[in-house]
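The structure's right below; bear with me while I get my questions together.
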């Protein structure tokens, strides 16, 4: 590059561009925060949902599953599992509860976490709430 | 006239006529807007006017006409591509 | 090596490489679990293996960045490191904390680890890549602050260069954006929104600043091109990185409950994200072609060119492939994401750290470059690992395309597990390519122990 | 005679006016806005009725007024460059002040427009048209601010006598950026406010 290209201009571009776009990002974040209550239905976050999220985290469910498409790709998407299981909390709870301790020969299996019934309910409540988030029509179909 | 004075002379050109032309074109667009007209010919007219206006700014205001062709071609080529794609998109929606 | 204190980089690099080996072994375990579902079950379930795989990657890259900074900053600032003792103390703290965390993952169930470390007090665990116990996270912050202090003091007392200021901004940003990992609200959407402030603004923001400055440093050293020229390029590249990358965060805000305008903004700005990577590739080749000296360390130049090309392919091309919202609607959360992640991380960050190690290690061992024989062995390692990562990416891309087609499209989509069974072949091929990677890694390690008489003296 | 001189290749400058770094930036901006424009046009072709209906709510006169203001601002900047070419620092400063003032005027008109839309309850997430409208206009709005900051910095340096007929690349740099901001609006206004 030529002498017409000065380092100080390149530097100004970097600092100016970084600040400019970060401010824009912060502005958009404010707008998003304003819009989110309409889409996440936070009024439905009961203590059970919150407890369910904590259980979700403390058992590292994201290490195999995706939730709204984010996570590991080893096991099915769970953002819409409540709908996939026919909007049936009991079915979800029964599935988690029935996982064999020693796995299934030659196949992937979810571990047995030995949850109490209350904990199972919390998790199901969390997944139910998650399925009601307005995720712009994602996933494309029920299979997630 | 030395090379430098020619350049100085060119820089001195205040572009007042270009400015007036740009103002006139803008008012024309406003008139079109006020009538609320649409359709193929109006869209074509507006796209051409955008092309003319931006090219005037690039050539005379920015002064790319005084610069080696390649720099000007980047801008002109860009304008041409964007405008024709816009035209294409509108043609798709009109038909 | 011009300054004694640069030597503190050595243990950092050794630790980084050891963890790299661990990362690859757990990668192979996971790859096998993809095809033999009950492999090591229930002793090491997939989620634990994955956690070890990704967390080791993050930690060893951090070790690599720190080592690179400790090596590069004294030389750039033309002064000894502010406190080599602090650097060594932080090394041991970080290493012990890192190893304990990994042992914790493997020794007890994750829920038990959460209980032991008091996750209930300040729950931050169990989110992808941020699985570390809260106490480890606090440790990371302390280590990062101590490290930044040490580097900052060194820069302040010596010569200020563009490379060190960009590096400092990158490292400072790394520390600042990590703080968002402590924010974990009950609302999943908010949690995810700010989780990306750590994850995206790291890997597609401030880490690229670190990458750029390390690359610029190595290029100045091996090509002898005028510093002014390289620094100008560096500024322009990182300016484009942040201009496109900050709003580019929007490509993660398509389907997580955030407003739909992010589909427009995220698509547009992330479509521009390949530009800085392209510029980086052009820049690296340009500088090497204009070189004013023939540096004896050929393999460091190879790594530098490699990182420029592979980061463009992995982050630029493979990222662009599925970044537009209408495409991402079908590809979000499939093996395509995994394909992109593998090549981008290897191309951008693994290779830049290996590049720095390749340049600095011979210096720290008292020679300008390794013997020709050792360099040839290292080049074998380079090609084996690089080709294998290309293959892994291609196989995962194949798996991903089939997955999208069978699971997401058509009138009768199949369920996740059915589709997984149908694409097993691709997972076997990926695992085979992974074995090649391990062989490449072993070859790379072997190059450190190859002697030779032709070794040039420092 | 000037057109003949303009077309004489041997007299052409090697590089565009101003620092080359700003031109990298300007071309990048063109690219970003270009993608915005095309995304708008093609998104519209899938939602013609929504876009046409929403477009009617925009204040066309304010948009046209702002076009006039920006074009005039650009003209002032041209005069500022012309002035410094003949060493008239004082005139250069005044023309730059006029340009900055017109930038401020643009912002005021635009703020009134935004306010009106805010009162009517439109926002970035109202519908796809408004997503585009607000993204593009706010993005451009911030560019006007940035342009004013650059021109102000140039103006202060000019006032200190920092530029001369021989060395005034800074003025040209600021001018080129300002013209880019103007050009973007020249496309944006008819595209978003008028064409349907």
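In this document, chain identifiers A, B, C and D correspond to the written order of the chains, with residue numbering beginning at 1 in each.
Keep this in mind: a contact is a pair of C-beta atoms (placed from the backbone, for glycine too) under 8 Å apart; a residue touches a chain by one contact, two chains touch by 3 or more.
Because the structure is predicted, anything quoted here is derived from the model rather than measured.
Participant: When I count C-beta pairs in contact, which pair ends up with more: A-D or B-D?
Facilitator: Between A-D and B-D, the larger count of C-beta pairs in contact belongs to B-D.
Participant: Return the chain label for which the distance between chain Cα mean and whole-protein Cα mean is smallest.
Facilitator: Chain C is the most central one.
Participant: In angstrom, rounded to a whole number, how far apart do the mean CA points of chain A and chain D lie?
Facilitator: Roughly 41 Å, centre to centre.
Participant: Find the geometric centre of each of chain B and chain C from their Cα atoms only, then give the gap between the two centres in Å, rounded to an integer.
Facilitator: 46
Participant: Go ahead and note the Å separation of the Cα centroids belonging to chain B and chain D.
Facilitator: Inter-chain centre distance comes to 13 Å.
Participant: How big is the gap, in whole Å, between where the Cα atoms of chain A centre and where those of chain C centre?
Facilitator: The mean C-alpha positions of chain A and chain C differ by 23 Å.
Participant: Counting only residues that touch at least two other chains, what does the list for chain A look like?
Facilitator: 1, 5-6, 10, 13, 17, 20, 24, 28, 31, 35
Participant: Among all residues of chain C, which ones touch two or more of the remaining chains?
Facilitator: 232, 236, 239-240, 243, 259-260, 265
Participant: Can you tell me which residues of chain D touch two or more of the remaining chains?
Facilitator: If we look for residues of chain D contacting two or more partner chains, we find 14-15, 21, 24-25, 31, 124-125.
Participant: What chain pairs are in touch here?
Facilitator: A-C, A-D, B-D, C-D
Participant: Touching chain B in the complex: which residues of chain D?
Facilitator: Residue positions touching the partner: 2, 5-6, 11-17, 23, 27, 30-31, 34, 37-38, 41-42, 44-45, 48, 52, 60-61, 64, 67-68, 71-72, 74-75, 77-79, 81-82, 85-86, 165, 175-176, 179-180, 182-183, 186-187, 189-191, 193-196.
Participant: Provide the residue numbers of chain C that touch chain A in the complex, in ascending order.
Facilitator: My answer: residues 30, 33-34, 36-38, 41-42, 45-48, 50-51, 110-111, 114-115, 119-120, 123, 125-128, 131, 162, 184, 186-193, 228-229, 231-233, 235-236, 238-240, 242-243, 246-247, 249-250, 252-260, 262-263, 265, 329-330, 332-335, 337-338, 407-409, 413-417, 420.
Participant: Give every residue of chain C touching chain D within the complex, in rising order.
Facilitator: Those in contact with chain D are residues 232, 236, 239-240, 243, 259-261, 264-265, 267-269, 271-272, 275.
Participant: Write out the stretch or stretches of chain A touching chain D in their complex.
Facilitator: The contact residues of chain A facing chain D are 1-2, 4-6, 9-10, 12-13, 16-17, 20, 23-24, 27-28, 31, 35.
Participant: Under the stated contact criterion, what part of chain D meets chain C in this complex?
Facilitator: My answer: residues 21, 24-25, 28, 31-32, 35-36, 39, 43, 124-125, 128, 131-132, 134-135.
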